[in-house]
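First subunit A sits with subunit B, and in the next complex the same chain sits with subunit C.
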Partner chain A sequence: MNIVVCVKHAVDESELRADPAGKPQLQGAQSKMSAFDRNAVEEAVRIKEKKTGTVTVISIGSGDWKKSLKEALAMGSDKAVAVNSGQSLDALGTSYYLSRAIRRAGPVDLVIFSEGASDTYHGLVGPMTAEWLELPFLGYARKLDVGDGSVRCELALEEQEEVAEATLPAVVSVVSEINEPRYPTLLQIMQASKKPMEEVALDSLKDERVPPVRVTVTDVQAQALSRKRVVFEGSPEESSKKLVDALRRDGTI
Partner chain B sequence: MTVVLSYSEDRGLALELSKGASLLAATSGATASAVVVDGLGETAPGGHVLVLKSERPLAGDYELIAGALAAAAKAKNSSIILIGATKQGRQVAAKLSVMAGMGVLSDVRSLRMDGGRLTGVRGVYAGRFNATVTTDLPCIALVPAGCYQAETGAPPEVEELAVGNLPSRVRHLETRPRSKGAVDLKTAEIIVAAGRGFKKKEDLALAEALVKALGGALGSSRPLSSDLGWLSEEHHIGLTGIYVRPRLYVAVGISGQLQHVAGIKDSKVIVAINKDKQAPIFQVADYGIVGDLYQVIPALVAALAA
Partner chain C sequence: MGLFQTEHENVLRTFYGPDHAAYESVLESLARFLGAEVEPMSPRFDEEGGGIAGVRKALFDQGLARIPFEAHGGISLPFGVYSLAMELVGSADAPTAMSIGVHNMVAEGVFRFGTTSQKESVFSDLISGRKLGAFSLTEPTSGSDAKSMSTTAIREGSGYALNGSKMFITNAGDADLYLVFAKTEKGHSAFLVDRSTPGLSAGADIPKLGMRGSRTSEVRFEDCHVPSESLLGEDGSGFEYAKSMLNGSRIIMGSICVGIALTAYRKALDYSKQRALFGQRLADLQLTREKIANMRTEITSGRLLCLYASRLKELGLDHASEAAQAKVLSTEMAARVCDQVIQVYGGYGYTDSDVHRHWRDARLLAIGEGTSEVLRMLIAGKEVSGQR
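Now for the complex of A and B:
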């Protein structure tokens, strides 16, 4: 069973600060593997442990993006492909290059994504990659069973749960409820540095289908906090009374 | 003449998007068409409605819907396709984008035409920042609920379009409605949400008491509805759960992680009850009480009855 997991090295949104002009201070901001992607890696490694096979982890990025790949290797992936982007891509471009990198990595049975990246949460790159590869896509799996030549998933949609199945090779996205990602041991972290990591230039993946960049971000601005931030002091009884008075005065209740 | 199409499998959202499509069409010299699949259904949008029909039902399969929308986009020369930002909507938009080479603006509010491009605003970094995003036409925009006022009443002017037999690679074996119980957080006016501050499942009776006193609905942060499993997933409010917009949101024993706060930003008034004075929830709250929820809730219930 050859499994590919795609991960994003994303800015740690909890550490991100705004500068005085309200722009995010991306320079020097900490990045890490997008939180939900750890569930995708965990699921791939669990399938491998049950079925044997290899897990290849792929990430498109720049700067210190190999850190996320190293973490995925420490969690039990076997090899990594680091695609050096060197330019900003939209979801259509990212998915195109991922599909090319997946094809280049050799025969694949299952490609696993998370439901969305922690920084942008588009949820588009997974199903787009499936379409570039002309493979079936099962989105938002909370349970995943790989059988002989097929994958069956329980999908968590808004209004309903669905059981759906596709013939392998297939692409799936998993929700974070599917598993509890492991924390690698120090030994696993050390061993991960010996596992193969190949760096690939973005341009080397191009073919005639490469899409133009269509979506651009023209501005990013901190959301204005317009909350009152009044904290009521005193005993539970006193503070509760003050709160109820304030809510009644505002007409909220 | 180009056409702004709108589609969502969520009926309420479909009505909102139909209004959005009319507004965008008016500012871009286009006409608007609301797309429904298979048949008109009970609550069809007013105005021009395009019914897409295939040899088998399209609803429930994102690939078939995307294929049908691609056929409609081509037949109608569409400039913009508005799709409801649901889980299925995202998959429809993704496939359609690759099939037709169209850019996708996702989760965008305040859509407008700007120099021949479609521009909108979306939250990024767990909603702490707003990004202005833009794309050339033709394009797709995934639009969340609450951006447009739904319009009903106008009699639909119906046109049918046969889209032929479309391929799908997925086999749908079973669907069952999610166990909803009495919770509908999306429409609730008052929400009390419980977090890790509750020490055990039985203690949620306290939260229920406050729900009853306020006349609201019960929600939760992610740990209670996933890791701990005290409540079903329908209660989960946040980035990967439900986005809510109540008149009053009361966060009890919730520290205020970014992922949770992302789902409550549009609440009119936010109240936080937490024993940790430093908890980030107080930064995004209008009113706060620093205290032990086990003492504060009974006092609050009593104050509400007074």
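Now for the complex of A and C:
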């Protein structure tokens, strides 16, 4: 079983602060493997541990993006491909280059994405990559059963739950409830640096289908949270009744 | 804010050059674990006066106790990296850090002075966390003057009979293995005593000002018979072993204090940016800025001295004085910084246990493993006698 996991080295959203104008302060912000991608890596490693095979982890990025790949290797992945982007890509471009890197990595049975990146959460790259690869896609899996020649998924959709099956090779995205990602031990972290990591230039992956960048993010603004600051006065009995009435009027309860 | 910050990256670059990236990965991963699994539990450990056993075990599983040892299952990372790792643990939860620091001091003793058999069995159990160690030197009437101890180990048949009492023993009650110092015919010796040995008993937990998450109590030995194989190293060399073990551990206690101070400082810095008075932020008042500058400078200086002493130890150079300097500076620095943090918070600092617990935690480490007074005697003694 050859499994590929695609991970993003994303801004650590828990560290991110907005300036008074609501702009995220990206300068000096730390980055890490997108939180949900750790679930994707964990699932791939668990499947490998059950069925044997290899897990290849791929990431497109720049700067210190290899840190996320090292973490995935420490968690149990076997090899990594670091695609050095050197330019800004939209979801279509990212998925195109990922599909090219996946094909280049060799025969694959299963490609695993997370449900979305923890910094932007567009959730587009997984299904787009499946399109480029011309493979079936099952999104938002909370349980995966890999059989001989097929994958069966329990999908956690917004309004309902579905069970779906796809023939292999296939692309799936997983939700965070699918597993509890392991923390690699310190020894595994040290050993990860000895596992193979290949660096690939973006240009070396191009063919005639390379899409132009069509989407550019022009502004990012933190959501403004406003509080109503309503004070209900009176005895505890009176004020609690007023509070419940207000919540009912608002449709909150 | 994550526990592992740019300041840690920079210090690794400064001290370890091209190797820094590998060490950075280790510490970053440890910090992520600490931030998710240990730091959120810390206020509860303080309030409930215990409960660290689970996170301590989890940190052993992570490999924390393996870091500084180069054989028998160790990870073989430099002592300075271990020192920074313990700073991070101290930042997340000081009692957990102290408990592990003491445990690792016992492991170092077995690693350096133990027999081949002790290294293969006892040491392996210690660095994997299968067994918890306790360092048993201080007695009810002898702390700083440890040589005046009254615990005895009398030859009996093929072993020894231990009699006496040890006081303020970190990990007592939880520990599986006690490294006990006692007087024999040849002088002071060290013994590895299993908790199940008849005649060994741990007293009730002693209530403490801080470090409440860890257990501390008296340990008594009444006709406690141990086999000859329990003797660590050579009969009569125990006191020299203790001094050597303490040299390493004093650096670690200093590092834990750097971690305590850093966590408290970050809280105060955040608070000072949010709290408004006189129409401006607390952080904009000149007197607050003086505190911020002083705290920041002191924390950096403590860390650098701990790392300098660590590097001397790594290089096999005499580091007894520098280890003592690192502990004196860092433990007293942490108490000062945490006191200033309470001042920044004002009334909230005096009443909120999540603020004043840092001062309470730090305060112990200027006493344990060599009081500041004894360490100053050591430092000055070497200077005056011309040993340096």
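Note that in this section the second predicted complex is superposed on the first by the 218 of 253 C-alpha atoms of A that agree within 3 Å, B and C clash if a C-alpha of one lies under 4 Å from a C-alpha of the other, contacts with A are read in each partner's own complex, and residues count from 1 in each chain.
Rule of thumb we're sticking to: a residue touches a chain if its C-beta (ideal position, glycine included) is under 8 Å from a C-beta of that chain, and two chains touch if they have at least 3 such contacts.
Everything numeric in this text was worked out from a predicted model, so none of it was measured.
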item	value
Which superposed partner A:Ala192 touches (first subunit B, second subunit C, both, neither)	second
Greater subunit A contact set [subunit C / subunit B]	B
Touched partner set for A:Lys70, first subunit B, second subunit C, both or neither	second
Touched partner set for A:Leu225, first subunit B, second subunit C, both or neither	first
Which superposed partner A:Gly28 touches (first subunit B, second subunit C, both, neither)	second
First (subunit B), second (subunit C), both or neither touched by A:Gln160	first
Those residues of subunit A which subunit B touches in one complex and subunit C touches in the other	14
Subunit B residues touching subunit A - in the complex, by the definition given at the top	10, 62, 86-88, 90-91, 93-95, 97-99, 101-107, 119, 123-136, 139, 169-178, 190, 214, 226-227, 233, 239-240, 247-248, 257-259, 265, 268-271, 277, 282-292, 295-296, 298-300, 302-304, 306
Interfacial residue positions of subunit C with respect to subunit A in the complex	1-2, 5-6, 22, 25-26, 28-30, 32-33, 37, 61-64, 66-67, 75, 77
In the complex with subunit B, residue positions of subunit A that touch it	11, 13-14, 16, 18, 24, 36, 90-92, 95, 115-116, 118-124, 126-128, 130-132, 135-140, 152, 156-167, 170, 175-177, 180, 211, 214-223, 225, 227-233, 235-237, 239-241, 243-244, 246-247, 250, 252-253
Contacting residues of subunit A [partner subunit C, same complex]	12, 14-15, 28, 30, 32, 67, 70-71, 74, 183-187, 189-190, 192-193
